[in-house]
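As written, the chains take the letters A, B, C and D, and residue 1 is the first residue of each chain.
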Amino acid sequence: KGAEEAAAELGDVEIIYTGPTSTTAEGQIEVINALIAQGVNAIAISANDPDAVAPALQRAMDRGITVISWDSGVAKEGRQLHLNPSSSALIGNTIIKLAADHIDGTGDVAILSATSTSTNQNIWIEEAKKVLPNYPNVNLVATVYGDDLADKSYREAQGLMATYPNLKAIIAPTTVGILAASQAVTDAGKIGEINVTGLGLPSEMAGAVESGATISFAIWNPIDLGYAATMLSYNLIKGAEAAPGASIPMGRIGAATLDENNEAAMSDPFTYDKSNIEAFKSIF
Amino acid sequence: MSLLKSREALLALAILLLIGVVAARFPAFVRPANLANVLNDTSPLIILAIGQMIVILTKCIDLSVAANLALCGMVAALMNGAGVPLPLILMGVVALGAGLGAVNGVLVWKLGIPSIVVTLGTMTIFRGTIFLITDGKWVNAHQMSDGFKALPRTVLLGLPVMSWMAIALIILFTVVLTRTALGRSFYAVGGNPHAAVYAGINVGRTQFSAFVISGALAGLAGYLWVARYAVAYVDIAGGFELDVVAACVIGGVAIAGGAGTVAGAVLGALFLGVIKNALPVVGISPFWQMAISGAAIVLAVTFNATQARAPGRIILKSAEAR
Amino acid sequence: MNPVLSLRGISKSFPGVKALSEVQLDLYAGQVTALIGENGAGKSTIVKVLTGVYQPDAGNITIDGAEVHFPTAQAASKAGVTAIHQETVLFDELTVAENIWLGHAPRTRFGLIDRRAMRDGALRLLEGIGATLNPDLRLRDLGIASKHLVAIARALSIDARVVIMDEPTAALSYKEIHELYELVEKLKAQGKAILFISHKFDEIFRIADRYTVFRDGQFVGQGDMGDVSENDLVQMMVGRSVDQIFPARHRNIGAPVLTVAGYSHPTEFADIGFTLHRGEILGFYGLVGAGRSEVMQSLFGITKPSKGATRIDDQVRVIRSTSEAIAAGIVYVPEDRGKQGAVKGLPIFQNVTLPSLSRTSRAGFLRLAEEFKLARDYTGRLDLRAASLDQDVGLLSGGNQQKVVIAKWLATQPRVIILDEPTKGIDIGSKAAVHEFMAELAAQGLAVIMVSSEIPEILGMSDRVIVMREGRIVDEVAGDRMTPETLVRAAAGLAVAA
Amino acid sequence: MTPHHRIIPDRLQSPATRALRSWEAILVAVAIAVFVTNSFASPYFLNVWNLSDATFNFTEKALIAFAMAMLIIAGDIDLSVASIIALSSTAMGVAMAAGADTPVLVLIGIGTGLLCGAINGALVAGLGLPSIVVTIGTMSLFRGVAYIILGDKAFTGYPASFKFFGQGYVWWVISFELALFAAMAVVYYVLLHRTSFGRAVFAIGNNATAAQFSGIRVARVRFILFLLTGVMSGIAAVCLTSRLGSTRPSIATGWELEIVTMVVLGGVSILGGAGSVAGVFLAALIMGMVTFGFGLLNVPGIVMSIFLGVLLIVVIALPRLLRRG
């Protein structure tokens, strides 16, 4: 949606939105090859696997195509720049803070992630662990993976509750995970005992917030993300240089400043709870 | 003979042993509430395994069950979104599942295409259809009515309705398979299709019925799945068909057809269910789960085969007895 | 008297074969009608038409003058036609009782299968045919004869007016055969119309009242048994009179080729020992199930013996696989042609060269020209009838399939050829050809073992006969002692007559 | 003895007539149709570099499909091939982490495939277990071991010389993978249709008992066939790992079914006993072109898979429908 908004604003841009048969790296490579063959000007990708798609993207760049990654990143050699939805550190900090706030800073928490291969998740978890010492009484007991499958995430959440009777919060930095975990907590009748938090879309989380399984959660604006990725690609095609320290404009959002890894962050995550979810759930 | 009969008993023993080992380290695992939870969690697998077992009995295989489940689940969610009352939704998904099973069945029956080819094709078609009708969009918890989500988890006499449904189906199909003409004809058709013709049994039509049953069960499981996890999208239950086949194999259902019991399939499903649920509890990395269930399948099939090996002809016996 | 059941103008074709061509058949209440014809004459096909297994291409079936149609086997049994089929068509995984009642099981009030009634009924039926079998046993745990008894009980479980028996005595022992005869008498007394198919003339003359003869799928004639002689029937069957069936042998027995000593298997046979010479035909006689096939298959490397030795030309040879047997010059023409002999789906020439590939190929690479040459040579010698050498073996008639199998073995240039029931399921014409060919092979110096359950064949062809019973050799017969009585007594375990 | 023998002709149809009426002829027609349709549908299709890129979509799968075809013709099946890729790739990753060089990596990749094939072969041919069940088991087992070793990690940083197998070109637009695919097509054509081993495969697929009674070492042939699928999976693992430049335990997920689809589409009877390498070769090309053509039209992958599912069923059903008139 955001990409279309950007395209409309720019006028001379056509967006091809496509995806592979299955959520595998091999499938994504097939799509990349098809895009290269069509001679597109730019590819903006959210990678299923940061390393596996890199060689294919390198070939795209060899053929003069602008390549950026967004959301879930690609290894450095496989793209010109990477747009994080938000500063990883900030996300890491936010998810821990959201968990800690509602348990008065004391108790066991566990992380329910997506697949073990998703770069973004892993970075956020890293960052979250870094800030843990700031919460001396918060005890991170486990990190499990639900593979972004509803049933597996649900079962993993159940497993967490069974294994750690004193669990106070589950952090799921993924939409599928946070939904499944809220459901598991609701079904186990532990609303109020265990708080589920993490990253999710307001439209999907409305129910969980209402039931109280989730008190608050965070997310950036995904529409802005698509918009920004399109803007960045456009500007790179038009001659902007992706180099450490460079600043590339992103239309109405401002400009992205690249760090030493050619990564940039879009905006801060925004926290949703009972007070504002109604307003946002119809937007994204 | 007695060993053969107790194949199910041995499997039950293995499951108890497994539970015992887990309980030794984590007593919480054997709390009735948790065990009920494991049963409930395994219910969809049990339901599908019963259907798959019947299909395998007739010398076929249904690789499309998981895709069927996903499609029916999605349709259930969409019907709910359109305000269709729950009883109608239930009938609708069961009918839809049976219909999809009938598509498989007709291709096997009328065109004689091997079932593995048919269901390999329909599994991608069914899943693709979900994409076509939803454009890849999800249906989330908040888009589902409370009544829709509540049914499987409503607790009756200490167990959620989903578990009760599985139990009812276990009983129903045990009776169907052991005490009805159709049930026995599944065994006959798989055991000796040639001879079945002589007994007046239409092999193709019996296989067709098996696919319809498997499909209807997948349809029901589709609703249960979506209502329970409160989400529906293209990829739900992806790859689940292999778990279902695995449950049957572990449960001693002969892949060549003609031999197997509901109890076996259910125990096979429970075995996998216990492992799935126990691993996170025991704290073994979930990465071990796949290898463990793989090893279990290989062991089970080795074990079953050595049990079932033909005893060989005994010509000399009478001479020796004298 | 009007026939209970009559067939008129029945035709049935299979791809490439016209199995039945406008045949007729009448069955009368309280009478046994024998259906006679060479192998492949269409006898079993008419049975399958009568029981709804096959649909005829043309013609009609009437019962008591009313035309009937049998779209399924169930329809036929509802109309009162039941059959003991030539092949045992039963279910290994089901119990005896379930096998008997499958498709028409007694029901309880709730429409469920009544297992108690089923069990009791099974016991009653089995008792009626003199069989003592536990109805709860799974069929897989039974021997072949018991299975056949179950098949008979199953046929009788249907309350029928017409009972068909397609070679019912083939798998039964002497005692069981006599019980079957009694059963036929009983059924006759109950006024049932019986169709009895058999190749054994003594049997036919003993129990049949009427006969019908088919030849090559065509009706040849019918009448009262009292009006015909054995020779008349044979003439009708083959269209010519057959007087001298066995070829005159020119006996020329040479040095020992194969010596077997102390050959044993844990369950199948024990202490088998014999010597086989060049140019000799050694017969193996025994009742069906005596373990002859098992011994031969073990000599051919299919199963491993637990004890014993084989020597070929005074060299001890351990044969652990069929390829080793072939290398040692021992080949085996199996009894079960369809399962063990011909590879249906492969063309004739590939069947012939299968064990000789090392000779027709170079360094593992096939040479088609060589293959065709080899196949042409050997199928020509056997007078094979086929459209072309790249035709699928499965499309040939049984006798021609047997010729392909024999050609396959001759192409390996063996020293010992074992023929297991070589003429079973082959018509009289082909039978004579096989016999002549065996004699020729022996004359050329090959050592031949022939397993056969047919006494005339054994006596007519063999130089010496070994009799087996329950997995052991019980007698060796040669010269003057080669009489039917000696063989039968030895095979049945009776005291050896002086 | 017999006065005159009837001469039985070797053949009734000349090999050429036979070829024209064969399944492969239909596939050639389909392949041409797909090619022409694609050329009209997308302006980007007729471009050698694009076509060359597109071959990467199927070459690795096709390598395995050749061996799988032989296995299926012999009446078995191997559903663990994709998992063997994952395990082989993981083994190479472990070796690389231990400092192994490219030749050693290749050997380890292929060796792991061989080992996995031997395990399947021992269970199926040695113990006589049904192959479909055994390989559903080892499918979980092999990938499971890869997960145990790697967990959520990945191996990256393969040596530059290792890149050749999945990214290198032999000559002009002919990539190494494409050349290997063509070479293997020839090798498997000869192996299946021109050697006594291939003949044994057909004999076993049509009637294993009669094959054994004809002196064929059935268990040994079946074991070798499992070794072959194992080795081909190992080779595919080398190519894929090189192409991805990294290893994850999840690579090649779902390939087993695509490979079986390719084999069946190629006219190999899933019941065994019939099939040809040419058919599989053509099916690989068709599937590759369909995937690529849809890709150029930006059709979502899942729609593509519906098409392949329909194609599979229609292609198998059509001759049966026509036969019954």
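Rule of thumb we're sticking to: a contact is a pair of C-beta atoms (placed from the backbone, for glycine too) under 8 Å apart; a residue touches a chain by one contact, two chains touch by 3 or more.
Remember, it's a predicted structure, so these values are computed and weren't measured experimentally.
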Leader among chain pairs (count of C-beta contacts): B-D
On a C-alpha centroid basis, what's the spacing between subunit A and subunit D, in Å? 37
Using mean C-alpha positions as chain centres, tell me how far subunit B is from subunit C in Å, no decimals. 43
Intercentroid distance (Cα basis), subunit D paired with subunit B, Å: 30
Sites on subunit C at which at least two other chains make contact: none
Residues touching two or more other chains, restricted to subunit D: which are they? 151-152, 254, 300, 302, 305
Where in subunit A do residues touch two or more of the other chains? 19, 22, 116, 145
Touching pairs - complete list by chain label: A-B, A-D, B-C, B-D, C-D
Give every residue of subunit B touching subunit D within the complex, in rising order. 61, 63, 107, 111-114, 116-118, 120-125, 127-129, 131-132, 136, 234, 239, 242, 245-246, 249, 255-256, 285, 287-298, 301-302, 305
Per the touch rule, the subunit C residues reaching subunit B in their complex are 51-53, 72-77, 85, 89-94, 98, 102-103, 105, 111-113, 115, 140-141, 143, 265-270, 289-291, 294, 470-472
Across the complex, what residues on subunit D touch subunit B? 123, 127-130, 132-134, 136-145, 147-148, 150-152, 249, 254, 257, 260-261, 264, 270-271, 300, 302-303, 305-306, 308-310, 312-313, 316-317, 320-321
Quick one: which bits of subunit B touch subunit C in the complex? Just the residue numbers, please. 1, 175, 178-181, 184-185, 187-188, 191-192, 194-202, 258-259, 310-319
Inside the complex, what are the residues of subunit D that reach subunit A? 42, 44-45, 47, 50, 53-54, 56-57, 151-154, 156, 163, 166-167, 240, 243-246, 248, 250-255, 291-292, 295-296, 298-302, 304-305
